[in-house]
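Next come the structures, one after another.
Look for chain A in each of the two complexes below; its partner is chain B in the first and chain C in the second.
Take a look at the complex of A and B:
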């Protein structure tokens, strides 16, 4: 009792970031509860992962079995159900990831667990962990209490915790799989990689967007260089894709794509209404345009009123300097 | 109770089609896409393959300009078949995210632009205007349009209408925050259920005002209220009809010169679909100093700008020249300084093309009300 279990997540031979993020969060919770952090690792020949997670947990329960070569929600669910019965932790954390959201609800139903999804933080009331999650598209943070008795189940939002240096040296305990035979009604078939070179601008964190102001195809390398320094993807207005400077799947706007990057750098875009509607969800908008009346400035957080051909090279140089 | 569902064939009167091909022959988008609307009418006779037809990307090329319906000798509306096929996708939740978001925004906020309803009246915050109260008599109830109220560049259109009507001493009022999308584009995108809901709600809302007539600014709203709201208890006019009347009755005088060569682009939803051809020309012809010229393709034969039919939210795969690009090139060839429009979608698409073609120095796109704003003195 009082322990916090964390399901380690890995895919294609890589331990996913969410694992250490959850363990970091779990360490804080376990300390308050007066229990231990226990990482649960299912896999085949993934000793290096066991070692890695041991640096962030008090104990690692490691099932090393070919049955768990690839992720399978059904098998994971069976194993976790058995471990919950055996160890009776207070809380089980699973990533709010494609893997986690596939399995956690089913496990909650099977074991009748109090379950709260997409949690990014925990508070405490009378020694009980109170998950914090968001409502209304991220506008409101809400403390949501578990209803009923432990074990509790929570899925944890990705990238919500900063992971520090390893500070523990948990013991690694290899245990036998509670699941002895493979199941045939739900099988792993193949892992399909996204095509290389295909950029999905709706998922980009930083976007450099070009518009009519760039004038000619031969001016694109200047913008491409800036994008490279910023590690940004390129996109554009309808004028830019129509002119053939960018493929059509890079068009931002109501008839193109709706993007929500952390940074949207609009270069030579005046900001037609249809374009603005496709990018107003960006966290920070920076616009460079020579026309101070351009509608883009009404949406922009920062604006540079000047000739983009003067600004962009300077900006690129400064960024290079900053990045050393 | 037994209800009988109308079949696709019955709904669109497909058996009435004689396959003459006038629809496809006149369809403006055939120059840049593979859309063959006659073919769709024919193929839809086999109701077993409707799903298959709905998955063909061409159904999204239609701009709902209605040239096909205008030309059909049997009085059919071939474009509606394409809209019906879009409806199959909408029903199955299989539309593009851009379309889904626009429809969801209409449902939630009463406009397709994902803008809050609470900001619907921001454009009028510096103006002293009347908001209509239920039951209170008003001569002209103004329906502004979602695109004009939210696009900061287009808001001047509504602001100028206020100036003009005040100057002419017209009794008018606005609907205010309750003004809700007319549903024209909702229908064109194939979301029939939402459209029916809007028609019902808007009919109830608008009838609650004691208005003699409703004045619309966008031709899309005009056609929706005039032709698709059978229970609306008021006359519906387009603002060009009202302003034309005011000029004719000398209630409005245009005194400032706009020394420009102006060419008028007929919006499909005003011209082809509702035969309002003369009023915009009458207004423009009354502007001192302006010289009005005509496109070769004008009035019933006007070239669509591709802004309607839901195309604000759907991109055609074709990389051939956009019709709006062709249109601004034609305007440039006429050496027009102003390409005049009477529709917000025409303004957005043509303005984009002026930029894309690099004609910004030589010409501009302006809504008639924008030009009128320059021609009147306050």
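Take a look at the complex of A and C:
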């Protein structure tokens, strides 16, 4: 009754990181609630995922059915609605991912669930989980409480928890699918892989990354020159690629690339979590931003709070001198 | 094709210092500059492009105060045909499911083929209103769309997934699409359009006009409650470089070259 359910997420034969992240978070919550963590896995022939998630949960409910070969929010919604009725967990966690946000709000409306999106942490009050989320691009935190009766629904932000070694041995229970036939008002057609560009930034040793702070296309030569002195490749935030200053394959973040360079210079980037998730793994991060409260500084090793237009050209000159 | 596009007026807080107001549950927005939400700007452009290619009508919907009219007129200047603003202080702005109910109350009485929202509002980051709206309307949806095609009464939507991968889904019309930034290049409003927009219809409605009771969409009846807002303590391990801009550049250059960071 006080169980925490977690929807396992996978795509194209891979279990996605968010799954174990959510289970890790769920184990903490379930412990406080005095309940179990239950992983819900929908898929076709994904026994290895069932095995994997059982290491992080008390129980795995596994529906193995060709109907779930590919993700379809409508089918997932039907199944989860039925499972909530049958099992009445206290909380259901779904990834705040492109899969989760495509389904969770509709499920919440259908089942009239107290629903909070983009949660990264839980506090507790009188034994009740209080989700914590952010507003204004990470500048403000908010505690938002569920009202009314469970089940509660939360979508969970990616990369907000560290996943440890497996510590459980949950039982795997195969159950029948409550969905008996295919749904055709929304059909999955195909995946389209991203186009491959001239430079693969996931392999770059040094990256100069630009954001909206660079303001206009005509300011790009300034950062290109810096990149040249540093023998770095250029990449950017989504704001920079949307604006067309850089090709799309140079975008860093959840909807772009995950990079792990030795050095990452973030110039005029605020540090939205979708961006941070893609560059946190850099060895050294230098951030130049005129806003001292920009979330990018939380991840940076070196911070320069100043106008980038004043700092970057001088930095380029100084580097040229030093490197002779 | 009858298209409805939902737009929200949001503050630009990327460079602003944020202060929590005395209620502890809202921010002091007196010094913010406001404009149309990023993703909604792309949604408006996409709607107008579809109309230009296939004919039809684009109606702009916004729930918000009168200050939003400037932004709404701008969308009309670009090619929107008419607009509705739902103005009622009783609406809870912190619950996307209730906002979806409000928007749905209007849209479901209209004839529509396509509804577009942005995929995310930059102030609250819910990423929920559009998909909830689809469920309220009882029509299929696709979230995070970065390309749209039409074929025989169906829409093919390309959903942008993680890591640059896309997924193509096909749906019956009417449908709801939540639009991702970067789907197109939003145009600037032409001067002539700006003049014409002043004459286009902009209806203002409240909850009573929509036939929704306060009970359904007010904070009291919400299933969630914003308890408090607070500025997160930033635990930064960063070494901040001090001085005039030139000094900072010099120090940083030294660290990069001599500190073996390259």
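General remarks:
One rule holds in what follows: the second predicted complex is superposed on the first by the 201 of 324 C-alpha atoms of A that agree within 3 Å, B and C clash if a C-alpha of one lies under 4 Å from a C-alpha of the other, contacts with A are read in each partner's own complex, and residues count from 1 in each chain.
Keep this in mind: contacts are C-beta pairs under 8 Å (C-beta built on N, C-alpha and C of every residue); 3 or more make two chains touch, one makes a residue touch a chain.
Given the structure is predicted, the values throughout are model-derived calculations rather than measurements.
In the superposition on chain A, A:148 makes contact with chain C only, while chain B stays out of contact range.
In the overlay built on the shared chain, the residue A:228 is in contact with neither chain B nor chain C. By the touch criterion defined above, A:177 reaches neither chain B nor chain C.
When both complexes are overlaid on chain A, the residue A:297 reaches chain C alone and has no touch with chain B. In the superposition on chain A, A:130 contacts chain C only, with no contact to chain B. When both complexes are overlaid on chain A, the residue A:24 reaches neither chain B nor chain C.
Set against each other, chain B and chain C touch different numbers of residues in chain A, with C touching more.
By the touch criterion defined above, A:254 reaches both chain B and chain C.
Applying the stated contact rule after C-alpha superposition, one finds that A:187 touches chain C and leaves chain B untouched.
Shared contact residues on chain A (touching chain B in one structure, chain C in the other): 212, 238, 242, 244, 248, 251, 254-258, 270, 295, 298. Within the complex formed with chain C, the residues of chain A that make contact are 11, 16, 71-74, 96-99, 101-106, 108-110, 112-118, 130, 133-148, 155, 185-194, 206, 212, 230-231, 238, 241-242, 244, 248-249, 251, 254-258, 262-263, 270, 284, 286-287, 290-291, 293, 295, 297-298, 300-307, 310-312, 314-315, 317-319, 321-323.
Considering their complex, residues 11, 13-15, 17-18, 20, 27, 94, 96-97, 100, 119, 122-132, 134-136, 140-144, 156, 158-172, 180-182, 185, 222-232, 234-241, 245-246, 248-250, 252-258, 261-262 of chain C touch chain A. The touching residues of chain A, when paired with chain B in their complex, are 212, 238-239, 242-244, 248, 251, 254-258, 270, 272-274, 277, 295, 298.
Against chain A, the residues of chain B that register as touching in their complex are 97-98, 101-102, 113-114, 147, 150-154, 311-315, 317, 319, 322, 325, 348, 351-352, 355-356, 358.
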